[in-house]
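Listed after this line are the structures, all set down as structure tokens.
Across the two complexes that follow, chain A remains constant while its partner is chain B and subsequently chain C.
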Partner chain A sequence: MREGYVLGLIPETWRFELTQFPWVRRLFKSRWMPLALILFNVFLFTLILMAGFFGGLMLPGNYNFGIMIVWILWWVLLMTVLVPVLSRFWCTMCPLPFLGEWLQRLRLFDVRYEKGRNPYFGLNKRWPKSLSNMWLMNILFLVTTFASGFFTVRPAATFVLLTAIIALAVALSLIYRARTFCLYVCPVSGFQGLYSNFALTEVRVKDPEICARHKQKGCVVGNEWGYGCPWLLLPYAFRRNTYCGMCFECLKTCEYDNMAVNLRPPGVDLLVDEKRGLDEAYKALIMLGIAIVFFVTFQGPWGTLKDWANAATLSGYLAFIGLHTSWNLIVLPAIFLLFVWLARRAAGQPVPLKKVYVNFSYATVPLGLAAWIAFSLGIILPNGSYLLHVLSDPFAWGWDLFGTAHFPWTPVFTGIMPYLMILTLLIGLLFSMDIAFKIARQTFAEPEAAVRGALPILGFLGAMTWGLMWLFVG
Partner chain B sequence: MRRSLAELSPQEILWIAIRIEERNARIYENYAEMFEWYEPDVAQTFREMAREEREHGRRLSAMYAERYGDAACDLTEEEIREIVEAPVFEDGEAFIYDRARRHHAFEVGREAERRARAFYAEMAERATDAAVRALFRELAEIEAEHEAIFAHRLDEESARDPGDRAEP
Partner chain C sequence: MKRQEVLAVLLAVLATVGTVVAAIWYDRSRDAGRDVVELLALQPKNGNWQPNEIRLERGRPVRLKIRNVETVSHGFALPEFGIGIAEIQPGEVHVVDFTPDRTGIFPFYCTVWCSPEHMAMAGRVIVTESVARAPSDR
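Up next, the complex of A and B:
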């Protein structure tokens, strides 16, 4: 494969600036963006919470508006479109931190700028250093999946989860600075951050020389046009999507219009050889591991496992939690460690094992994302038709708003679904292999050593792909 | 149309060198503002560095006054093609991982001075006019002194607090 090209085809440096078009730039610089999207989602999530509250424990999940919109429509859109294409665009319009941010700013639309700074309401404390990483999000996401069997069948479970998240986001925003909840706590944020490194979209500085001369960096400290980066990035300097919540404040604050929204080739941020850490490595493996557990449990032929996850019995539920946790935190990372050890040995280079482990973990991201897209296909294609029902009768009160309340369950493309899943997975594998080779070049100094070192990792990726394919067609 | 520093007269070069020190002082003050809420220690360091830059600017101004009196040049730093000595705090995720410390501030300063010294030295090599060459050499020596000051502070600080997000 050609150096510096994604899959040997597209230059890694290729960019297409969407904000070169004046109307696009105007859109991103407007304070209605993203406020209008957030307000729409606040309305939608109010309906979801109401549906969850009124649905309680009684309704079957497939007839509940909250469950269908969150776990069928939102989750599938998130995994198939939002993250792989638009990076963290969900964070752009997420309504969950809305109340907290409103309280911090004490402004909904305009910018609070007094005495040369953006004052914030609240204690504005710093998040503890020991938690300034992805570990808490890793654990919280894993813990949230313990209840995955309830979320899709019990409306109250979705209600409790979303209410707890909103309450926590508000509480943290009053204690800690900026988007602390989104950065370090939100269970959805962690994997979005890591997977958005694969995304086709980015917000980046256009000309670093302009920033180098610029004396007053409004993108960090804020000004009368916008707030300093709520995600605590230095917008003039960051190099990967992980923590960019795409709030577009930097486009508003930049006096030189030197921030851009770009299209780019997939996966390029996974090659940024800095800021890599064990927390993100674990995030990559946990996401791959959970995708496998979900396939086995919810889309596999083993009804017992599904009963365990749905807590049909307490002992079964505890067994599910035990197996799920062990697989994700111990077994899969240990299997990966074995392959990494083989890679290091095959390369014969004196590179610390931890560095090799962390570096190669980023190669699993495209495959993990593909596994989640495939899993999402397994959700939306058989169950998507329920959406038409709940749109017409969101609270199960016998409404028929759009004349679709009695639309029958109609699975679509389920005959070719396994092949679509396999195709998705193979595309993910292709990108993962490409990234693995490039990371091998970064990790091991000599080209021959890099090739030797990449082979065991390709073996790991191949084995995971084969296992998932077996699950799809088996 | 921006001009290269190499195309300027000695008087203009010295004039721009003063503007560069002033610009850097402003940039350090902005960094201090950035870090104020986050790490007052780092903010304080950047403030000290801003004072240092202003002092450098004063020394160059004195040199300028001695040679050219009150005569001003109609030239700003923005009109120069090259970016000389611009301090850049390059860790875009420093706040997120809570890893910015005083020694990072000194690194930013030392790196800016090092680049400035290297730049002036290269200009001196290339200059064909003897007066211009002499001035560039003089500026390179001054920047080398500044670099040494930051390097010394960095050594002291690194010994005291090496804290950082451990590399894998």
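Up next, the complex of A and C:
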């Protein structure tokens, strides 16, 4: 394939600046963006929490607004559109840190700025350096999935999860600076960050030279138009989407309109060899592993596994947790290590094994994302019609707001669903192979060694794809 | 505080407290002027209809909210008053409004073969003559 091209077709450097249009730039520079979106989601989450609270432990989940909106609509939108297309746009409008950030700033709309003074309420401490990575998020996300059997069945489980996250976000906002919670703790932040490296959208500096000459750096320290980057990035310098929460503060604070929102080819950040680490490598493998476990458990034909995950018996539930954890933290990473070891041996280059392991882990991101999209199709196509019911009767109080309270269960495109899943996986595999070859070129100096080194990784990707396809269509 | 900050705070209060208050107010206003009975549909082995016995007053409008909290379908019939719901799917809530026009004891049933004990899934409505009550005593 051609060097410097995504799938040999689109130049990796291709960008289309959306903010070149004055009305788009005005939109992003307005302080109502993203506040208006957040307020709308605060309204939605209030309904979700109410539905979770009133639904309690009794109602089956299929007709509960909280469960349907969070685990059917939100999760599917997140995996199929928001992350792969719009990067961390969910973080843009996420209502979970809303209260904490309001308390920090003591303002919702206005900017609390006085030159030389800390504008934030609270202790404003720095997060420990040892935790400034994805490890905590890896563990928290994995632990959260232990209760996945309850979230889609018991409204109270969703209520407890969301209120716990909001309470934690508020507490951490009062102790630690800026969006520390979102950066290093939020269970759904880590995979969004990693998978956003594949996304078609980015916020980036336009001309670094302008920033080099500009000493005030309002995008970092804030000014009267906005706050310094709440995600603690240097907006003029970062090169990967991982930790950009797309809050658009840098578009507001930049006096030279030198920040842009761009469209770009998919996957280009996965090739940026900057701040790669074992934490992100594990995140990539854990996400792939959990997608497999979820499919096997919740969409596969094995009833015993469903009973285990739903805690029908304590011993079964402990077995589920044990197998789930060992598969994601030990078995899958060990299998990948074997293929990485083969890759290094085949390449015959003196590159540290850890570096090879970390680098190639980014090649699994497109396939992992595709596995989640395929899994999401298996959720939304059969079950999407339940959404019409809960929109009309959100709290199961016998309402019929839109005349759809008794809309029958209506599966959509389930006849072609396995083929859509396979197609999604194959597209993911294609991108993963492309990334794997390019990472091999980055990792091993000689081109021939790179080709030899890439082959075992292609084997791993192919085996994973075959395994997933077998699960999808039997 | 600038006007837009006030507006933002107002919208935040509306989105949270306003939503809760509006939902509860709407639900109360829908039920206004009626007695409301919440009826849970449960297989006999799980407790049967709850409540199993509903006491009503003749001539007093009533709203039954029949809620299926199980993972099997149920149905509902109160034949003496011509009320029937063919299927109440898991999680569904059906609302039935009626005014009992005679006194007596009237059985109600599940109409879907929901379990081996299906035929035992029954309860009764007891309608008595209305008694004078204080206006607040609903």
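Following the convention adopted for this analysis, the second predicted complex is superposed on the first by the 470 of 474 C-alpha atoms of A that agree within 3 Å, B and C clash if a C-alpha of one lies under 4 Å from a C-alpha of the other, contacts with A are read in each partner's own complex, and residues count from 1 in each chain.
Please note the rule applied: contacts are C-beta pairs under 8 Å (C-beta built on N, C-alpha and C of every residue); 3 or more make two chains touch, one makes a residue touch a chain.
None of these values were measured; they are calculated from a predicted model.
Enquirer: Return fit or clash for chain B versus chain C, each positioned on chain A through the superposition.
Expert: By the criteria stated at the top, chain C and chain B fit after superposition, with no clash.
Enquirer: Scan A:Leu39 for contacts with chain B and chain C and give back first, second, both or neither.
Expert: A:Leu39: touches chain C, not chain B.
Enquirer: Of the two partner chains, chain B (first) and chain C (second), which one does A:Met50 touch, if any: first, second, both, or neither?
Expert: A:Met50: touches chain C, not chain B.
Enquirer: Examine A:Asn64 and indicate which partner it touches, taking first as chain B and second as chain C; both and neither are also allowed.
Expert: Second partner only.
Enquirer: After superposition on the shared chain, which partner residues are touched by A:Leu278: those of chain B (first), chain C (second), both, or neither?
Expert: A:Leu278 contacts chain B only, not chain C.
Enquirer: Quick one: angle from chain B through chain A to chain C, Cα centres, nearest 10°?
Expert: 140
Enquirer: Going by the contact rule set out at the top, does A:Arg112 touch chain B (first), chain C (second), both, or neither?
Expert: It touches nothing on chain B or chain C.
Enquirer: So in the superposed three-chain picture, is A:Arg15 touching just chain B, just chain C, both, or none of them (first/second/both/neither)?
Expert: Neither chain B nor chain C is touched by A:Arg15.
Enquirer: Which partner does A:Ala396 reach: the first (chain B), the second (chain C), both, or neither?
Expert: second
Enquirer: Does the superposition put A:Arg239 against chain B (first), chain C (second), both, or neither?
Expert: A:Arg239 contacts chain B only, not chain C.
Enquirer: Taking the superposed arrangement, what is the smallest distance in Å from a C-alpha atom of chain B to one of chain C?
Expert: Between chain B and chain C, the minimum C-alpha distance equals 27 Å.
Enquirer: Please name which positions on chain A make contact with chain B in the complex.
Expert: Of all residues in chain A, those touching chain B are 117, 124, 126-127, 129, 132-133, 177, 183, 209, 211-217, 220-221, 228, 231-239, 242-243, 275-278, 281, 352, 354-355, 357-359.
Enquirer: If we count contacts the way the header does, which residues on chain B are in touch with chain A in the complex?
Expert: The touching residues are 23, 26-27, 30, 33-34, 37-38, 77-78, 83, 86, 88-98, 165, 167-168.
Enquirer: Could you list, by residue number, the parts of chain C that touch chain A in their complex?
Expert: My answer: residues 1-2, 4-5, 7-9, 11-12, 14-16, 19-20, 23, 26-27, 30, 65, 67-71, 89-95.
Enquirer: Can you check the complex and tell me which residues of chain A touch chain C?
Expert: Touching chain C from chain A are residues 31-32, 35, 39-40, 42-43, 46-47, 50, 58-64, 98, 102, 107-110, 389, 393-399, 405-406, 409.
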